[in-house]
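Order as written gives the chain letters A, B, C and D; numbering starts at 1 within each chain.
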């Protein structure tokens, strides 16, 4: 086979790694007193691990999933989608048929310069969601 | 307020309980050498915890979610949906707009005679999926 | 970072490789006189390349996409989904909320024992669809 | 049959023509160093050809498809949808149930004054997306 037909040496997030992210995010959320929904997806946007903490909003489940997917398949923090312009943010969300969201709380997981997944957190304020997601990734990257 | 307007003393599955189910199901799956997708939902069919083990099929994520939801909101094991008749099984799946499935591997979580949630397992054979789900519930109920 | 949190050395299908599959499938289809829709997705089920040949059915676009996705994320030929039992085949399609199909014409692309994507072909008979997909993969693997 | 019941002599984009657009857009994108998702649809908005270049975002697949569809079935450049008013742009996107987008990067393919299809490009800036789409159409129109 012609080597141009493939690329090699890609890194993949393991189930264990995904749960480390979820649990560290949960720990941070508990310390903050803010129950959260936390989702971790792989680089293709497919779900790896999820947790809805006691008292977290049911309405935040889908949002956490969408934030995680956005970070992974857009390869940027979800709040950066569409830059600074509010209209552009809405247009990207709609043009993606709601697969992407510009809401803060989705963070790509980067190893060796490659996005291998994303974490999405939802139920708190934008700052709280981001802080929990970052705590999750910090625990992973050690 | 008239007490007839509400009902009291309901049991609810906690986030911790949901993860106990997921992790025990994972442990059984690992012992069987069958990587699985495992979902746990509450009594409203809303996601509490999820795990996709290394090498489990991405195509099984949605199936595990559907099985768990079926068990919880139909309040029966998923393979019992529609009884023995194949046509009835399909018709229920379709009439529910694919929220419900008659595939084995969804098991209600029952405490004090009340369904408080459901577990759904997918990636193995029907028997393997059920065995993992039962191991998860057994760990919960102690 | 703990190495258990990731896995390494995964292979990824390139854009060039995906088009080799599409074009070889088209060539076979042309030789058979059967215009086809041909889709190639990566290991996460996300679209890489697509072609609808002149006179191929518009109604086959979605089917080709679903077959390709099925082969990739189920990691088996689409006609093998659900084994031999017609009811099981329908149940899996529905439990996946129509992400998966048991129709012949979806074939996983395997390199070094790992599924790196899938091709889906639709517009002809089951045999014709499979033959075109196989021709596409044969051209890739050389 | 009454000739008023039909219209004749319509032009249709061929599969070969669609791939010429895709490949010329890819070539421009490569020259710019911006990996892109590129979709070409016919006058009915139905997919003809697609390519996701190496390193283009998975999150741009759906956006490229939506831009191409918009240009073809709205018969105008996607950024012209809704004119200059931001609210009108959003309302059209929503009223179409997200089939249409006002994001730049969708360009109608016009032959003999008739729209015979559309190209949609996504992953770069608005200017880069448009430039790649225009390069694709220029190669087609010669």
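Criterion: a contact is a pair of C-beta atoms (placed from the backbone, for glycine too) under 8 Å apart; a residue touches a chain by one contact, two chains touch by 3 or more.
Source: prediction; values computed, not measured.
Any chain bridging chain C and chain D, meaning touching each of them, is among A; the list is complete. In this structure chain A contacts its sequence twin chain D using mostly different residue numbers, the overlap staying below half.
Among the pairs B-C and A-C, the greater number of C-beta contacts is found at A-C. Chain A and chain B have Cα centroids lying 25 Å from one another. Between the CA-based centres of chain A and chain C the separation comes to 28 Å, rounded to the whole angstrom. Contact of a single residue of chain C with at least two other chains is seen at positions 7, 14, 16, 44-46, 73. If touching chains are joined by edges, the resulting network of the protein chains shown has some other shape, matching none of path, cycle, star or complete graph. Which chains touch which is summed up as A-B, A-C, A-D, B-C, C-D. Remark: chain C residues 1-2, 4-14, 16-17, 20, 42-46, 73, 111, 116, 140-142 touch chain A in the complex. Of all residues in chain B, only 54, 57-60, 62-63, 66-67, 86, 89-90, 93-94, 98, 101-103, 122 touch chain C in the complex they form.
Only residues 14-16, 18-19, 44, 46-54, 58, 61 of chain D touch chain C when the two sit together in their complex.
Of all the residues in chain C, the ones that touch chain B in their complex are 7, 44-45, 70, 72-75, 87-88, 90-92, 94-100.
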